[in-house]
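In what follows, a single structure is set out as structure tokens and then discussed.
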Amino acid sequence: MKIINNENTFSILFFLILFIIIYFVNFFVGSAIFERTVTNLFIYIILVVGLQVFMGNSGILSFAHIGFMSIGAYSSGLLSMPIKMKGFVLRDLYPIFENVAFDPILSILIGGIFTAIIAAILTLPLMRLNDAAAVISSFALLMVIHSIVVGWSAVTNGPRTFFGLPKATTLEIALIFSFLTVIFAFIYKNSKFGLLLRASRDNDIAAESIGANIVYLRWFAIIASAFLAGIAGGLWGHFITSFSPKSFYLKETFLVISMIIIGGSFTVTGAIAGALLVTIGYEFLRWTEKVIKFSDVITFEFIGLTEIVLSITIIIFLITKPKGLFPFKEIGDTINKIIKKE
Amino acid sequence: MKKNLSKLCIFVFSTIVFFSWTTLYAKEVLIGGAACETGMQAPLDTPGINGAKVAVKYLNDEKGGILGRPVKFVNLDGKSDPVTVGNSALEVIAQGAEFIIAPCDFDFGGPASMAAQDAGIVGMSLCASDPLFSSWSLGDKQFTLSMWNTTMSATAAEFAYNEKGWKTAYVVTDQIIAYTRSLSEYFLVHFDAIGGKILLEDTYTNGDNDFSAQLARLKALDEEPDVIFISSYGIDIALITKTLREAGITAPILGGDSYDDPSVWEALGTKFGSDVYFVTHTWMGSAEGHPDMPEFVKLYTDYHGSAPDTAFVATGWDTVMLFAQAAEIAGTTDGAAVAKALEDNEFNLLTGDLDYSNAADGHYPYKAAALVGLTEGNPSFLGWRNPENPPAP
Amino acid sequence: MKLSCEKITVDFVGLRALDQVSLSVKTKEILGLIGPNGSGKTTLLNTIGGQLKPTKGNIFKDNLDITEFTPQHRVKNGLARSFQIVRTFDSLNVFENIKSASLVSNMNYSDKIKFCDEIISYLNLDRIKHVLANTLNYGDRRRVEIARAMATDPDFLLLDEPAAGMNDDESEILLTMLREIPNKFNLGILIIDHDMSLIMKLCDRLHVLDSGKTIAEGLVDQVKTHPDVVKAYLGEGFKNENA
Amino acid sequence: MFLQYIVDVLSLGSLYALFALGLVLVYGILKLVNFAYGELVLVIGYSIFLLKGSPFPWFFMAGTAIVMSIVFSIFTDYVAFRPVREKSVTAVLITSFAFATLLQNAALLLISAKPKNVPMPSFLSDSVQFLGVITPVRNLISIFVTFLCLIIFYQFMKRSTLGLAMRAAATNFNMTRMLGIPANLVITSAFAMSGLLAGIAGTLWMSKIANVFPGVGLEPLLIAFIATVIGGMRSVHGAVLGGFILAFIDMSFNYLLPQDILKFRDVFTFSIVILILLIRPQGLVKGPATGIRT
Amino acid sequence: MLLKHTLEKDLKMRMLEINNLQVNYGPVIAVKKVDLFVNQGETVVLLGANGAGKSSTLLSIAGVANKLLGKVEFSGKDITKFSPEKILTLGIATVPENRDIFPDLSVKENLVLGGYINRKKNNILQDTIEEVYNLFPILSERNSQVAGTLSGGEQQMLAIGRALMSKPKILLLDEPSLGLAPTIVEKIYEHIEQLKKNTNLTILLVEQHAMKALSIADRVYFLRLGEIVSSGKASDLKEKTDFKKIYFGE
């Protein structure tokens, strides 16, 4: 099947160039904080594009995604943590894991696969739900995953900080994973599965009438999506190196959903644009906060301002531009059109 | 177009040059903080930050700064989230911080100290008392100002068994952070070691806001315990106490330094704020805590406009003063040298005399504990204690 | 090939929507299903398409009993349909709409694309091939739906009011297209439409339902003058001599 | 012991039932989930907290807080529901989620992240002892207030024309409009009543936890959610029933499960939610026939 | 024909007038171009096969069709953009196609809601309920029964009764015969005729069953594909029109 058509090629090329530009800008700026932000951005791109694979193509809002991210982060961390650190962090750890200390990248990959398997088991029955029932069930799923992470002290250190992961995620690694994710998302979107799933998003009854098995199509998508979320979680875990269950909860869910809503969930371009814009906005507000702090002029605390701005933005977007900045057309389509005109 | 581009280039370039210049040639000693001004950790960190600010002013006004350089203290809110704490620490380090003040807890403070260790500078937690906050887990330049939970729990156990004669105990452990867990753990070990009997251990998780399950199990016991040890955090302490009292359980309540929080006392109120005892860092009320205390209280009141209300204020002052003293001894702010000065010397602080073991022994803080009791929501000092044989970390 | 229903009964809560209806369509034949509002036409089509399960009765394709098949499974067995309410895939372009339907067929990929293109040009959709479906006008959407159903390479095409909402010219064009489809694509059509003039011109045979029951079937001219049919449409008391 | 258990279940269940009822009112009429519902408890808590220094008696403060809850509930409609109501179910979910985040962070920015003590009259905490049961007065008041509210609520829905109109609107919104019943009145009433119920429940809730912080709304929201899914998203009876069932489940787990398993209680309850959505999406009580959403 | 209409217009008071009505549902044009009027006291019937746009025309008068172009006037007032509740207050009551009674409320409660605009005037409300019960005695028997348990015919009566509760000036009736057995249809039409006689109510009726409707109508409009194809006096048309041509085409 010819999956890399013109539109895909142009879009993928565009993002390759964009990523490389970002990489060189970082190289030129040479600040640790900037690099941290950019690395974080690439990890978030994996996460949001991963969410787009499911949510964008199936049209179903999923709250569970951050839960999948936590599975990836904890499972990969468990595998890669140095044996000595395990003695500090996880004192009740099961003996089989006690002497395991894999290579971090290998752990991240295993974490992704593990997340995909968990998602496969948990989500199959949920895939036939629509609308509010689907959203509520995914919300409940997030709560289930969160409660398990909080409760299962032996492997997660409970509600306490999970630390001691080797710092393995560099900007380059995040960039490469991120780019691979983008390629996957484009190919998937235009593949047989992607096309039929998008058809079912527009009209489920008609999609069934042309032979689409919606439950399985959604299921494949959420498995792929969970795999990417797991990878993102693993990369993030090995980037931050210490986190707690609270790092994967409603605030983060809100952040990711903001990204995909602002950018536009139907397109991969939208997902990336959303991640980019929200990150820039977030960093700008954080920068403002910092400048104010260092200036000693105003002592007023700006806590929560970022979230306030974000929530207002979301409400405005849903009223005025409910399908986001890139509602239907990928960036490649636009480029293609421009080229054809000239 | 081209002209604009070159203008932009010049602007960007000069901005970069300016910023690198300011970081390279900054003359002040920048003390960076990643302590939490918001979230569940805030009640313990904010007083510390306030105390630290007083110390910085004192150093600049009276002592000519540190090593003759003026001192600046900037705290970027860690928001009670380990990830943000790490980010904030990195941010202040990038701005040229030479010393890091980490939040008052291992879970929240750990990431700040790790960042400090990576940058080769000394990090000190305001009051993390979990033995995990050691040079073993964080690195050879990392310290905590607080006694460890070994000391804190042993003090509580000995107070209960030896002084008050409470023979049986019921222990509730909040699962939320390492501090609450190890506090209970050492209490259990030490209370048992000195002859006490544990009737029941139970768990709670901060924010549950519901203690009925635990209450059901406590009520099912054949005998009522002599003392209830609640190792929890923040306002939940008041909630648990309230639930117990409402159910007609009158046994005295005992806990650690997380009780040293006026909002907890307020929440307990006159109705529930009696028969509550806790171990903390020092006593702010009078010179009984430390001869210099009245002077500090005056400085603090001048700076903030109101008197300090918790011992955590003193931890902030002490953290900054400890760094200043160690840097003066070392003659430099270099991380390794300051760490060595901290290991090799004994310091007299508002929170008691402090002596660190060397890095191989985990930077064990040898320190005494202060005991405070509550009556109708008002604290009173019961004296300094030094447990005889605290459990090993 | 033959698609047949045998004694289909469908009960909704407190209502018998279909009562022992039997009919059959052969390859290359166009059967019109007509009847007044609420007579059960769409219910019958939904039952054949698999969107509804009959309470009693069976549906056969040749000798294969497909009564229990899911809609997807029926598509694979050569049944395709359009809907009374337009159900195009609005965020996909016309080509993608049609291509998505061709994915289930047994052809290899390049044949599928060729087949899609053939359908597209047959239904005059070339001009709008790369246009998003949600920007199309109503008549075009209707044709996209028909094209989509055809792209599954069916043996039988079930069309529910394909001309609804079209103006007379559009209906006329559609009529000519539909007329030739059975022979050109070697399939049978079962069609519902309210536009009687269209139905009368298009169909080989008619099947008339009223209140869920078959009241007449046969050639167009026979049905047209059937007294029960006239009564069903115009109500009791119609004087036949007016005709 | 058994009587103690009954009292515990009833007092907790009455709170849960009120919360669930408030959520179901809006869902019943608009078929839309209000994610910002829990923030009404936040409004209650901070309102009482801010009135702390005032010379007014406590009941006046609580009354004002409940009025604020009603105002914010109606405000939710205007900010999060009205502008996007016609777009999609998901859009409203997200806007109400965003509005909830907005309120939480506004509390964070304008007040404090620290838990604030909410004053409560001290008699609520007095213990009462009868037939071997020890329970705070607060629990008995919760049960009493809830049953009173339920009686008034049912009478209102049954006897008043507005109540009838709301029930009718829950079945077929357009038809109610065609009978001359103003749509906005019905919707605003639904939000106002939702705010009133959440306000009363929230005040009782505050008397239980006695402190307020920006994240305080999450738990009541989850309670209301679970209870309505169990009992039936479309039925007021179902919601009330669901509240009591959830309290029964929670309390039974508390009494029966060992603590190692008890920490997974939320896993069980949310699994029940998922199972019910799969097996019996309408919940235990089916509620009126589905109408058309506008 | 045109002349005749103009004459009638002068003679009787014009109650409802629709000009150039067009109704779209998304991309679907349900009504293309409809002009019609109803005079006071008249019974006008809108005939046509299903899909002709009859119901859409009716719903756009009632104010529940989303996108409409053209102009709807009631007693000389432009009500095109009015909300459904406002329109009812003016005196236009609707009985929709699938009746839309409230199945979970009792018969009485359904009627009370129908009289919502008179809710403050208790005596009027009571009297109107009595009137409805007089017209449909069966409803009186079923007074406290839940409406969902009524038979189809009873539900239709309830829907009409409910609409009458607002004391309308004009009643819009959408296919009262739909899905009912012939004998029940007969009964419903008897009731409508009685209603006409008793109250001299103006009625705009939509029907597919032409003969039944024609028997009670004063004037008729025929719709096909969203357009009016012919109109005139019922008595004339009943004899002259080739219905089969309209319904079945050539």
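Labels for the chains are A, B, C, D and E, by order of writing; each one numbers its residues from 1.
One rule holds in what follows: contacts are C-beta pairs under 8 Å (C-beta built on N, C-alpha and C of every residue); 3 or more make two chains touch, one makes a residue touch a chain.
Worth saying up front: this structure is predicted, and the values here are computed from it rather than measured.
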{"item": "Labels of chains that are neighbours to chain B and to chain E", "value": "D"}
{"item": "Graph separation of chain D and chain E (steps between touching chains)", "value": "1"}
{"item": "Busiest interface, counted in C-beta pairs", "value": "A-D"}
{"item": "Centroid-based (C-alpha) most distant chain relative to chain C", "value": "B"}
{"item": "Where chain A and chain D are represented by their mean Cα positions, the distance between them in whole Å", "value": "32"}
{"item": "Rounded Å distance, chain A centre to chain C centre (Cα mean)", "value": "44"}
{"item": "Distance from the mean Cα position of chain D to that of chain C, given in whole angstrom", "value": "49"}
{"item": "Numbers and ranges of chain A residues touching at least 2 other chains", "value": "150, 301, 303-304"}
{"item": "Touching two or more other chains - residues of chain D", "value": "108, 113, 263"}
{"item": "Touching pairs among all chains present in the structure", "value": "A-B, A-C, A-D, B-D, C-E, D-E"}
{"item": "Of all residues in chain E, those that touch chain C in their complex", "value": "27-30, 32, 49-52, 175, 177-179, 182, 208-213, 215, 225, 239, 241-244, 247-250"}
{"item": "Chain B to chain A touching residues, read off their complex", "value": "16, 37-38, 74-77, 79, 81-83, 86-87, 90-91, 93-95, 106-108, 110-111, 114, 132, 136-137, 175-178, 181, 205-206"}
{"item": "In the complex, chain D residues that touch chain B", "value": "8, 12, 108, 112-117, 122, 125, 127, 129, 134-136, 138, 208-211, 213, 215, 219, 251, 253-255, 259, 262-263"}
{"item": "Complex interface listing, chain A residues touching chain C", "value": "1-2, 192, 195-196, 198-199, 201-203, 205-213, 266, 328"}
{"item": "Contacting residues of chain B [partner chain D, same complex]", "value": "37-39, 42-43, 80, 175, 202-203, 205, 207, 209, 212-213, 216-217, 234-235, 238-239, 242, 245-248, 263, 266-267, 269, 271-272"}
